[in-house]
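Chain IDs A, B, C and D follow the sequence of writing; residue 1 opens each chain.
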Amino acid sequence: MADHDHEHKQQQESTDGAALQINQNHALSRTMMSFNLVLQKLPHLTDYLLPSASSRHDLMVIPNPMDRNEFYRPFHGFYVSDTDVILRRILYDLELAGSISPGDVVDVLAYHRAGPRSQIYLDPNVAVRAAIVTCGGLCPGMNTVIRELVVGLWELYGVRQIFGVPAGYMGFYSMNPIPLHLHTVHDWHKRGGTLLQTSRGGFDLHNIVDSIQRQGFNQVYIIGGDGTMRGALKIFNEICRRKLNIAVTGLPKTVDNDIGIIDRSFGFQTAVEIAQQAISAAHVEAESAVNGIGLVKLMGRSTGHIALHATLSSRDVDCCLIPENDFYLYGKGGLFEFLEQRLKKNGHVVVVVAEGAGQDLIPRTDAQKEERDESGNPVFLDVGSWLKSELNNWWSRDHPGELFTVKLIDPTYMVRAVPANATDNLYCTLLAHSAIHGIMAGYTGFVSGPINGNYAYIPLAEVAEAKNAVNTKDHKWAWVRSVTNQPDFENK
Amino acid sequence: MADHDHEHKQQQESTDGAALQINQNHALSRTMMSFNLVLQKLPHLTDYLLPSASSRHDLMVIPNPMDRNEFYRPFHGFYVSDTDVILRRILYDLELAGSISPGDVVDVLAYHRAGPRSQIYLDPNVAVRAAIVTCGGLCPGMNTVIRELVVGLWELYGVRQIFGVPAGYMGFYSMNPIPLHLHTVHDWHKRGGTLLQTSRGGFDLHNIVDSIQRQGFNQVYIIGGDGTMRGALKIFNEICRRKLNIAVTGLPKTVDNDIGIIDRSFGFQTAVEIAQQAISAAHVEAESAVNGIGLVKLMGRSTGHIALHATLSSRDVDCCLIPENDFYLYGKGGLFEFLEQRLKKNGHVVVVVAEGAGQDLIPRTDAQKEERDESGNPVFLDVGSWLKSELNNWWSRDHPGELFTVKLIDPTYMVRAVPANATDNLYCTLLAHSAIHGIMAGYTGFVSGPINGNYAYIPLAEVAEAKNAVNTKDHKWAWVRSVTNQPDFENK
Amino acid sequence: MADHDHEHKQQQESTDGAALQINQNHALSRTMMSFNLVLQKLPHLTDYLLPSASSRHDLMVIPNPMDRNEFYRPFHGFYVSDTDVILRRILYDLELAGSISPGDVVDVLAYHRAGPRSQIYLDPNVAVRAAIVTCGGLCPGMNTVIRELVVGLWELYGVRQIFGVPAGYMGFYSMNPIPLHLHTVHDWHKRGGTLLQTSRGGFDLHNIVDSIQRQGFNQVYIIGGDGTMRGALKIFNEICRRKLNIAVTGLPKTVDNDIGIIDRSFGFQTAVEIAQQAISAAHVEAESAVNGIGLVKLMGRSTGHIALHATLSSRDVDCCLIPENDFYLYGKGGLFEFLEQRLKKNGHVVVVVAEGAGQDLIPRTDAQKEERDESGNPVFLDVGSWLKSELNNWWSRDHPGELFTVKLIDPTYMVRAVPANATDNLYCTLLAHSAIHGIMAGYTGFVSGPINGNYAYIPLAEVAEAKNAVNTKDHKWAWVRSVTNQPDFENK
Amino acid sequence: MADHDHEHKQQQESTDGAALQINQNHALSRTMMSFNLVLQKLPHLTDYLLPSASSRHDLMVIPNPMDRNEFYRPFHGFYVSDTDVILRRILYDLELAGSISPGDVVDVLAYHRAGPRSQIYLDPNVAVRAAIVTCGGLCPGMNTVIRELVVGLWELYGVRQIFGVPAGYMGFYSMNPIPLHLHTVHDWHKRGGTLLQTSRGGFDLHNIVDSIQRQGFNQVYIIGGDGTMRGALKIFNEICRRKLNIAVTGLPKTVDNDIGIIDRSFGFQTAVEIAQQAISAAHVEAESAVNGIGLVKLMGRSTGHIALHATLSSRDVDCCLIPENDFYLYGKGGLFEFLEQRLKKNGHVVVVVAEGAGQDLIPRTDAQKEERDESGNPVFLDVGSWLKSELNNWWSRDHPGELFTVKLIDPTYMVRAVPANATDNLYCTLLAHSAIHGIMAGYTGFVSGPINGNYAYIPLAEVAEAKNAVNTKDHKWAWVRSVTNQPDFENK
């Protein structure tokens, strides 16, 4: 949607130059830059298969069935062409640009825009057999994505063989797929969680690809986080190796917003909304006590996006602690000095801490030092209860006998389990339709997602590697911190 | 925030080229394009004033007081420089690009990024006297913007003379300004409406500028819609003419999202959320009746953004009618034919209509033909009750004796009056801080707002002219319509 | 539930007298009163049928199947006996009591308590065939009632033949019943409206009873308002006349809370919650304008309960106008004098008006004077838009040129269409289970509902007549008005 | 409000006997019972003080100032008389009644109705100086009660000296009271928590009464739980002992609803609403996993009211564990056998556990056995994490290798911290006004609260002792359990 608006404005300005003439009364300075638009190529079934029509299951090229819709007709410009691209980088420093010598050329990545193509590569009426699977933890909007995949395949392309693979990756080889009818998914976008069920782990590459082949799926939609995307990449690679007529696409799901390249992940805005409500509750608890501290632990193992956004949304937060920014408790410039000052000034404080923050500060038992999670990383300790305990220790030592209350709120499961809000529901809808259009066009091994507000196709290989951390050395972060006015923990 | 993420990724890629190397296994195609980055110049107080320090009220240049913050220190890269820019156009068609002859150069507009500058132009401790005014109708987030202007001025720049001008433009010359203390605005971001009060009209240029001068304001923050922005431009021009040391900035407020250039306006996401609730209620009413029609009239006089976004968010809508797309009732391809089919299929339908849609279809009395609104345009007639009546006529004619129910819901005032949701609260916060940093840096006659996800400064003159309509000839709109699967009303 | 608590306390006190001894330090005064507990007898199938077992469809007497539940066993006291009663009148004036001569006896109505009986009158495994129908307008909680009827019949009594009659009374003879399985209704309690569909009118007594007989229904659950209850009474009487083995029960549904005897109707608390939100929006609009008036029109044709409760809940209301209390606009003690004073004092006012208020004040055209609604009463005119117009007239006459804004909010359909809140969901659950237990026990022609907090059975004939108006001559209403501090419109 | 409706109906029936005649076609059976209405006498200032007027601070008798209200006039019946009473017991078993011998008389407790009296005992314009204090944990509605005390005193009685005592009991002697103006509390009813701040403990009787005396308070409003009420009783007794012209009233606040006699406590309905949302989240988590268990820990140390009501409201709960009903994990009829069956049937289960349930089952360390809370009782252990761990043990033992997920949700602080919903806001409003009217009438040592839906005055001494447990031996509880269909844990 935002997408549309952008383009509209930009088209206008390129067509008639109107925007440029509006400000004729203001001087415009010009800086010449030469760009190479480097197009991020997408894998396509024709990379290893030749279209033919000896069998109705073969790769073939037919016109998009939307041409035959009863109520509207694709006009000129309805279909997106393969030469429609989106720039990834939009921020530049002209000073640096100015220092580039005239012959220099700056490489800029460009991605294919998402949307329906005029030609598709399988006849949806006879040949398409689609599988949808959800993996990993819950995130608002999962059911909307599933629903829209079903509705889009059914109504736009006439596909009737659509299946849900239950319980994550292991469902491919250990459970029966669930037929998904238009009526089955009718109101799923209003429900939290995933009605396909989900699980972690269970990734058994050859078992999965064998099962996909055996069950005759030729479109596989995989919804999950970064681990899931790495699994999807392996499935895609194995399918390529076997030269199968099966297209694979990933739909990135991460409530933490820690997947790179795309603007943000679905469910994230909803998560921030609920996190903000938890902060409000903490604020009420803090305000209602003498020297009250409201402590909110939010999701975010490697990144502090939810904590950061909820902090800026709620404006009740005195200090926001995220994994990307080390902090310390005692001493000059430390957390407790700051809290002491705020308590004196306002009588209460609210602290938000992302679950991955402060992991280096929490003492570990020998057993905990050895313990590893499923991915082989040291396990996370509970920063919320540790910090609550440290706060109580600090106060009883420095202010014996004085009233003090710490209330710890952990809204994690409520954040994960709610239905998506309007913004995220719209996102999930466009995301699912992007994925369908891409896969119908014969693309495979790709991911859909918004880049600078426009839906694009990105190679799965690229997304599986990209991270999205909060960059605390950037002037944008610094600016954000100036809003909260909290310490930078940069020096003692 | 999204802002931050983008930049981070882009900085990385420009620094170390990592992103480019991820996909070494995929061929990258390159297309050379030469751009002129045309920087949209901003008006600045020094355009007509010379800095000096003969009086403490003179324009002077001093370091940003954030340098002296107790808890954190601006590091290298904290301040935004005047050469940091954002590209406006990010969508290109490579085919066209390829056809450009080697020597051709494409002009691309670039805007100054928002953020704190290392030098400011007035000593906030002694000289700044800021006025904030809200004009026009209500919109979620107005109080958050006011609050953040006060909090940002107070805490980041140490300003203490901050005033609210009550009741819109007329308040400048007919009412006493209200002193706004940090404590006054404490919880305003949790309240709907505007605690400064607002009004329409009352724009008396010379009276306003005289009053600003007389009351000693040297920073004027004007929150309002497109009419208000045109007024702000006149105030700015008059101040330039008088060569006054007064900076003016506009903060665009339009629940309809009809202001151009910026990605979207504040309060819009909240409005869509509430609109979606009204659609849910209409859906319930429709489902609970035999041949039930839920009809929802949403805001949007010249643009259908709320209707469109709420339709895509809710997925309960069968047909969405907007001002940008003509429609007709009877005959082949018409609304009633479509509704008839949907009623037969599902037993009920939901129709969303933007208030500006179908104005040409509604019969006007002679009096109504003459009637003009405050801006001289023909008055809007109530499309909701007209359409309800037409629906009843149609049915009783074509289906006499059959049950039929139309329920009309108009959630307008509830949409306008709620507090901003988390997403919009964050937007309002960054918007207000952007405005403060810009005005402290000596810019004037400008507007703050997000462009492709990054906060930028835009000349007021440009914003006052720009429109943001839904472009129904674009392939994005077509795609969107394919989601709802509704008629295009293109032919009979 | 509240029910339970009461009884518990009362049982305690009757058993061990503990409550009486708590206050031994306070003098207790005693007043002797003699009561006749007049038990409101309920119609029962055995009033006109003799139990026998010649056919499995005959009236028979068998033990309650809950005796055989797998996980719990009915202990002594589990079943409610026919001698368990609830007093209707609980308020007395001792002075009057004292003046009663010794031999006098006061009649007090008592009702049978709701709950499972140890013996039932039809074998649910083989013979029960239940029909559920919803009539009239929407009300929060209808789907919960339907769901709980299905779940209760299915799980507690093992009934498997449960049908929904679609589209109200006419559905009996013009549509096919919908089989309702446990899975069908799984999540209906989370959805607004009625998934059985509803309609008004269509009451054709003999057609309906014939259809009931023909389709073999022997339990009929009728959900609807006062008109529907009068229809249910006729159906019951006709069934008695035909001496059929069919039990009929009414579940009163009225969002206006205008049905008598019961404490309140389901959905009412939810309606007040949503109405309060509309008042909040109106308050925001009023506060944000100069001389702003927020005008909220709420449901309530003959009674002002929603208006009254929402007024007391929200505390933002300056004046609440209800059908039971006449008002006038101009002159001493009139509405405008009062509003003028409030505007002067606070700068804004909020007015709530029930849709049935002020009908005598609104001028009617000759056509409108003749027009009657389906029940033959004069049609209601829109008091909201009339009052808005009168307010504008008043102001422009008395305060020409002064700013003034009236915003009218009508949340009607949103109030009707939301799902029930927790309080109402619990109510609907206990209501449905009460109805099932009663009908299984052979009662017929009755209604379930809370009396003084305890669920009771009431003859349908009594409920069909009873009204629940706000008594403005009572000292409770006067007290309520003292909270809002509004005029009594008692004199000029 | 409900209050009003009852009375209205009852008045009607006693006046004209109409209700009795409605059902002339049904036989009415009559059972004679003789009652002694035993009036629960309230303490009154005149119990130990004589009215006089030698000083303006003396006890005096003057007409209620509401007589002089500008906009309405107390009509006949406006004021409540001391002979207006409410029956406490409304449930009877006629069989037992019938067995009473003719001369026997049943004692029934009756309470004074709340409401304004025609005469008051202090001149509010000159002499009243009121103190309001909040003690103990948070509960939705506290701020509404405070606000309405201020508004009611100010607007109805013209009191201007109203003070908030900060931070609970200790605030009387260690902090300065906060003057509360009408404007101060303007929007407090929309905010959670208590803006007066609260604390536990700090009860120092003589210090408190000395301070009350020294600061000249003559009305003391104490908001708190059962411990607080016992403290209030001591304060009242000490004031009696000193024969001071100071009236004391308690406003019972307990989110657990564990205070006896009154129907329910304020904030309880709101708590159930939020608890239901947590259950919904747990249900989503459970449904989205393979063998998923959603475990929700709710408030309720000695009583299971919140757990019970939320279970019945949400209908997603398979088993509800409360302190009043012992349970066991393993073996026949145990929890795990039941859960196993439900998992097999539905694939997931939801369990709700009140914090006080199962305390006997949780193993205690020696230290924990010794540990006592502030009241000398054994400390509560965390039943939530214990049960989660036991569930995991059970499953991994009985179902090694099978997928299983337990998600534990503890919404405690979010439940406590939200603002009151409409139902509770109305409750708080009528509660506060009841308290004011009572204290103005010279009553002291009393509590206000609803009895069978009508607001009454109850001696503080009685409330301080009364408990409100769920009676699991009552047939109402059994019925409730039949709704959830869960085990009774009565036998192995």
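Just so we're on the same page, a contact is a pair of C-beta atoms (placed from the backbone, for glycine too) under 8 Å apart; a residue touches a chain by one contact, two chains touch by 3 or more.
It should be emphasised that the depicted structure is a prediction, and the values quoted were computed from it without experimental measurement.
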Can you list every chain that touches chain A and also touches chain D?
none
Distance between the CA centroids of chain B and chain D (whole Å) is 47
Just the number, please: Cα centre separation of chain A and chain B in whole Å.
25
Mind pulling the chain D residues that touch 2 or more other chains?
none
Considering only which chains touch which, label the overall pattern as line, ring, star, complete or other.
ring
Using the touch rule from the top of the page, what pairs of chains touch, sorted by label?
A-B, A-D, B-C, C-D
Would you pull the chain C residues touching chain B in the complex into a rising list?
138, 166-167, 191-195, 197-199, 277-278, 280-282, 284-285, 287-290, 292, 347, 403, 407-411, 413-414, 416-418
